[in-house]
Amino acid sequence: MDDSKFCLCTKEHTEEAEKEYANNSYAKEALYHFVANKGAVISVFVIVIIILLAIIAPILSPYSYKDVQSQFSNLPPRIPGLEQLGVFNGCRDGVNVYAQKSALNQYHFFGTDNLGRDIWTRVWCGTRISLLIAGAAVLIDVFIGVIYGLVSGYFGGKTDIIMQRITEVLSSLPQLVIVTLMLVVMKPGLTNIIIALMITGWINMSRIVRAQVLKYKNQEFVLAARTLGVSNRGIIFKEILPNTLGQIIITFMFSIPNAIFLEAFLAFVGLGVPAPIASLGSMINDGYKSAMTYPYMVMAPVVVLALLMLGFNLFSDGLRDAIDPQMKQT
Amino acid sequence: MKKYVLKRAAISVITVFVILFLLFMLLNLMPGSPFNNQEKLSPEQIQQMKEFYGLDKPVLQRFFIYLWNMLHGDFGVSYNIQVNMPISDMVFSRLGVTLAIGLQAGILGTLIGLMLGIVAALHRRTVWDSLTTVISVLGVSLPSFVFALLLSYFLGFKYRLFPLLYNSAMPLVSTVLPTIALSMFTIASVARYTRTEMISVMASDYMMLAESKGLPRTKLIVSHVLRNTMISVITVLVPLLVNLMTGSLVVEKAFSVPGLGSLYITAIQSNDYNVVLAISFIYSVMFIAAMLLVDILYGIIDPRIRLAKE
Amino acid sequence: MGTKKVLSILIAGIMAFSSLSGCGTPSPSGSSGSASGNTQTSSAGGAKTLNLAVPTAVMSLDPLIAGDSVSMDIISNIDEGLFVVDADGNIQPGLCKNYEVSKDQLTYTFHLRDGITWNNGEPVTAQDFVYAWQRNATATGDLSAFQYQIEMAAIKNQAEVISKKLPVDKLGVKAPDNKTIQLELEHPVPFLLNLLAFTPWVPVNQAFLESQGDKFGVTKDNILYNGPYYISNYEVGGNTITLTKNPKYWDADKVDVGTVIIQVISDTQQAVMSYKNNTVDNVELTGDLVSQNSSDPEFSSVLGPYNYYLLFNTKIAGLDNKDFRQAIAYAIDRKSLCSNVLNNGSVPAYNMTMKGLCSNSGGKDFTEASGQYFEYNPQKAKESWAKAKAETKLREVTIVYDQEKDFAANTCTFIKSALESTLDGLTVNIEATPKKNRLQKEADHNYQICLHAWGPDYSDPTAILAMYKSNHPSNYSQWNNKEFDTLYDKANSADAGNEAARWQDLIQCNNICTEQAVCVPIFQTGFAQLTRKTVSGLSNHLTGVKCFYKFVKIK
C-alpha cells in the first residue's frame, strides 16, 4: 500500500469526529442531514411553490376553471412582460391570435383550451385536485396500513397468519386491475377515485409497519412496559408506534407520487374525474388529443406534473437518507 | 430449498383461485349490459340474449360453470368486441406481442439502467453522474405516453426511422418504439437504484477490507461490488413489473399495437364481461408468476432470505 | 371552398334520391340505372392497392350481427346484395339484373344475374336471399338488431312473423325459381331499393351457415364470398385486414383496386401521421385536426350522418313542461358551439332530422323544407324560463353523456355554462358514463337529460321520426302526441303511394316534435377527411354502407 493513501491527522479531522459524535437529538440530526442534501432542499422549494400556486393562483386569476368563453377558444400563451421578448406573445404562425379574436386586453399565461377556459387557472385547480386525491388516498392508506400492521405484528400467531394471507391475496391482484375494475363498477368521481386508490394502497404500509413491530416487540423496553402492567393498546400506541414513525413518514412520502401517477393513468384510460373538474391527469388526457395542433395545451399540465413528481421523489429520497440511512428501499 | 419453492408455488395457486372468484364477483356488479345495438333491441330481445348466454342464472352457479369451462380451456365467447369469437383465441393471439414488448422493455431497461448506474457510481460527480441523475429523474417523473408521443413524432413521423404503427409483417422493427417508450421508467429506476446501492456497497467495511488486501480495482468491482449490487437490484424488479403492465396499456394504445392492453381498454369501455375477466385474470396470473419467480430467484442468490422465510 | 364541396356532395345525394324515387313510379320492367356508364377498365387491377385507416376492429362478419360501420363496409364488399350504391350515391344493380314493380307498388319481382357464384363453387340463388331475409325476420337475441329493417320494408305479414304468430314461410317473400325473387309489401315503400342495398339484406347460403353453427361470421374462414373482394388476410388478434379482388366476381373487369388494406388505428393523431407518411390513403379527421388541415389541398369536408340532441325524459315532473324545455332550447348558441368549440365541420341543427338525409323529386332537402326552430335567443329563453319557473319546481337537472367521445364532454360543458348563465337559478350537472350505461339508463327511463346521437339507416325521414311514435320501443323520451301519431301513420298507409302528401305529413311530424322540444337538436356532425389525390370514388354515404370499393379508382 502506498503512502499517498495516508495523511497526518490535523485539527480539522478531530473536529469532524467530534461533530459526528456530538449529542444531538434525533430530529436535529435528521434535519442536519436533510439540509446537507442539495437535491432535497431544492425539492422542498419546488413542492412549496407548487402548493402555494395551487392555492393562490386560482384565487388571484380573473378567470375560473369552468368559465366557458367559446369565442376565445384555443388562444396560445401570452404573458405580460415576456411578450415584448417575442416569447409567450400570443402569436401562432406569426399571427397574433389575441388581436384576431379581439382579446388584446386578456392575458392567458398558458393559453386557453377548446372551450376558451384559461389553462393557467385550470392547471392550478387541477394540481389542487391531484394533490387532494393523492393526499387523501395516501392518508387513508397510512391509517389502515398502520393499524393493520401493528395488530398483525404485535399479536402474532393465528391472527398474524390469517391477516398475512389476506394481504398476500390482495397484493397479488395487480393494483392496476383492481383500480380500473373498481372504477368501472363505481362511477368515476372524486371520492370513488380515492377509494379505488386506497383499496390496495395500504398493503405496502402494513407490511413495513409489521416488520418494524416484529423488530421492536421483543426488545427490553416493551418487556418492561408489559411487566409494569401497561395494556396491549398502550404498548402498541405508546411504545411501539413512536419508534416506527420514521419509516411510516418515508413510506407515506413515497406513496404520494405513486398515487398522482396512477390518477393520471386512470384519466388516460378515460376513468378520470368528471368534467368540468380538472386534474393534472385529465388535462393531460384532453391536451394529448390536441398535442399536434396546440402543443401548449398538453405542455402546461405535463410540466407541472413532472415537477411535482420530481419534487416528491427527491424529497422522499432526502428524507429517507436523513431519517434512516440504513433503509434503502421502501 | 425444494420445500420453500413448493410452499410458495402452492400458495400462489390458491391465490389464483381466490382472485378469480373476487374478479368474477366484482364484474358481476358492472353496470350496463354487454350487448351491442342496445338502442335497437326490445326488452324481450335483451331477455332472450341473457338466457342464451346463461346470464340469467344465479351468480355462484355461473362462477362454477365458468371455472369448470376455464379448466377445460374455454374462457367463454366475446359478447360484443368480436361477437361469438372464443376468448381464448382472442386473448392468446394478442398475448405474444404484449409479452414480447414487456420482456424487451424489461431487459433493455434493466441493462441500460445497470450500465448507467454503474458508470455514474464509478465516476461520481462527473458529467456521467449528472447525466444519469437527469435521466433517472425524468424517467420516473414523466408518464410513458409523453415518451410515446415524442418518439412517434420524431423517430416515427419526422425521421421515419421506425414504423409509426405496429405492423404484423415486421414484428421486431415495429416493437422498437413501444419498447423504448415502455423501458424509460425501468431505465430510470434501475439506474437510480444501482447507483445508490453501489455507492453504499463501496463504502462498506468488507470493501475496505478487500481493498486493503490489495485486490486490483477491476476485480474488486466485478466480484464484490457488482455481485452485491445485483442481489439487491432484484428486489426492485417487482414494482417495475407492475409499471410495465400499466405502461403497456398506454403504449399499446399510442402505437396501435394489437396487444392485451389495448383489448383490455376496449373491453372495459364496451362492457365485454368475459374479455375483461379473462384479461384481468391473465394479468393477475402473470403478476403472481413473476413474483414467485423473483422470490425463488432471490432465495437462490441470497441464502439468508430463504432461511428466514422457511 | 369547404362549403362548395359540401354543397356538391349534397346535390349528388339529392340527385341520387330523385333517381331513386323515379324508379318508384311504375315503369315496365326497366333496369334501374345503368351499369354500362362506368369508365375505363383495368384488367391488371391486382397491382393497385388502397390503404385505409379505421378506428375500430371488425366486430363480426355475420351480416345480422355487424352493427358497426367498419364491419358493415367489409361485409357489403365481400357479399353483394341485390343493389349497390355508387360513389355519387346512385343506386346501381348488384346481383339483380333487372326488376319489375306492379302498378300498386306492392309487388316487386327481382331477376338475378347469370354466373354469380359463392367462393365454394355453389351458385348464388334466389333461395339464398329468401333464406337471409327470413332469417332476419325470425332472428332472436344477438341477431335481431336489424329486425326493424324487415318492419321498415313493410314486407307482407312481417309483424305476425316477427311476433311468431305466423310461420316464417308466410312472410311475403318467395323464390318461384332459382333466379327470381318475389317480394310483397303491405304498403308502398318509396325507399325500398335503398334499404336493399344495406348490409342485412345480402344473401346467405343456408347449407353453409348451418354447417358453421355458432362460428358463422367469426373469422374469414367461417363465411362465404360472392362480392368484388374476398378477405385474404385477417388475423384474430391483428390490426390489419386485407381484401383482395375476387376473380370470379361477375363484374370483375370493372374492379379497379386489386387490394384494399384496412388498418385499425384508434388514435386520430397517429392516423394523420400515417397519412402524411403515405402509410394510408385516406384518413378521417376529428377535433382540432380538422382546422389544422383545412387548407390542405387533399382536404374535404362533408356533412356527417349524426344529429346530436338533448333527449328529455318527458315523464319527469318539470321536464314534462314545454316552457322548461323551450327555455333550454333557446339558451344554447349552437353557432358558437360549432365554430369555436367543436370546430370540426359540424353545423347547427334546428330540427330533428339531418341535412342530406333525403330530398323529394323536386330536389328539395327534407330538413331544409321543414321548420327551423330555436335559433339562439337569450331573451326568449328568459321568457320561457320565467313561465317554467312559475309552473314547475324543478331547478336542478343532470345531463348524461358518453365518456368515449371527447367532443361530447366539451359540448355538455358548453351547454352547462350557457344554461347556467342564461337561465337564472337553474343548476346543471353533467355526468360522463360509458355509452352502454347511457343506453341502459335511457331504456330504463332512469335519466333526466341525455346527450343523444342518432344516425339514419336509410334515406327517409321515418328513419328518424319513427322514434317519436308513442308505441315505438326507441321512444326513450316517453313523449306521446295524438296529432303526431295520426300524421305518421297516415304517411305510411293512406299517403304512402302519394309522394307529395307523404312529404307534407312527415314535414308536419318533424315540425310538431321539434316545436314541442321533445328533444333539443344541437348540431349535425361533420365528416372531414384527407384523401390522396390519386384516389377517386372513395365515398362516404350518409346512410347505409359507407363505400363500395368496386367504384374506387386509383390513378
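Labels A, B and C are assigned to the chains in the order they are written; within every chain, residues are numbered from 1.
In the analysis below, a residue touches a chain if its C-beta (ideal position, glycine included) is under 8 Å from a C-beta of that chain, and two chains touch if they have at least 3 such contacts.
On a predicted model such as this, the values are computed, not experimentally measured, just so you know.
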Taking mean C-alpha coords per chain and comparing to the overall C-alpha mean, nearest is chain B
When I count C-beta pairs in contact, which pair ends up with more: B-C or A-C? B-C
Subunit A-subunit B separation of Cα centroids, rounded to whole Å: 23
Between subunit B and subunit C, the Cα-mean centres are separated in Å by 41
On a C-alpha centroid basis, what's the spacing between subunit A and subunit C, in Å? 49
Residue numbers of subunit A (touch at least two other chains): 270, 291-292
Note: subunit B residues in touch with at least two other chains are 31, 153, 269
Multi-partner residues of subunit C (each touching 2 or more other chains): 273, 403-404
Touch list for subunit C against partner subunit B, complex: 56-60, 62, 65, 67-68, 140-142, 144-146, 148, 214-215, 217-219, 235-240, 263-267, 270, 273-274, 276-277, 279, 403-404, 434-437, 439-440, 442-443, 473-474
Residues on subunit C engaged by subunit A in the complex (per definition of touch): 268-269, 272-273, 287-289, 291-292, 333, 336-337, 340-341, 343, 403-404, 406, 409-410, 412-414, 416-418, 430-433
Applying the document's contact rule, which stretches of subunit B touch subunit C when the two form their complex? 31-43, 45, 48-49, 52, 77, 80-85, 89-90, 92-94, 97, 152-153, 156-157, 160, 164-168, 253-258, 262-263, 266, 269-271
Under the touch definition given earlier, write down the residues of subunit A that touch subunit C in their complex. 66-68, 70-71, 73-74, 114-116, 187-188, 270, 274-276, 286, 289-294
Contact set on subunit A toward subunit B in their complex: 1, 168-169, 172-177, 180-182, 184-185, 257, 261-262, 264-265, 268-270, 284, 288, 291-292, 302, 305-307, 309-310, 313-314, 328-329
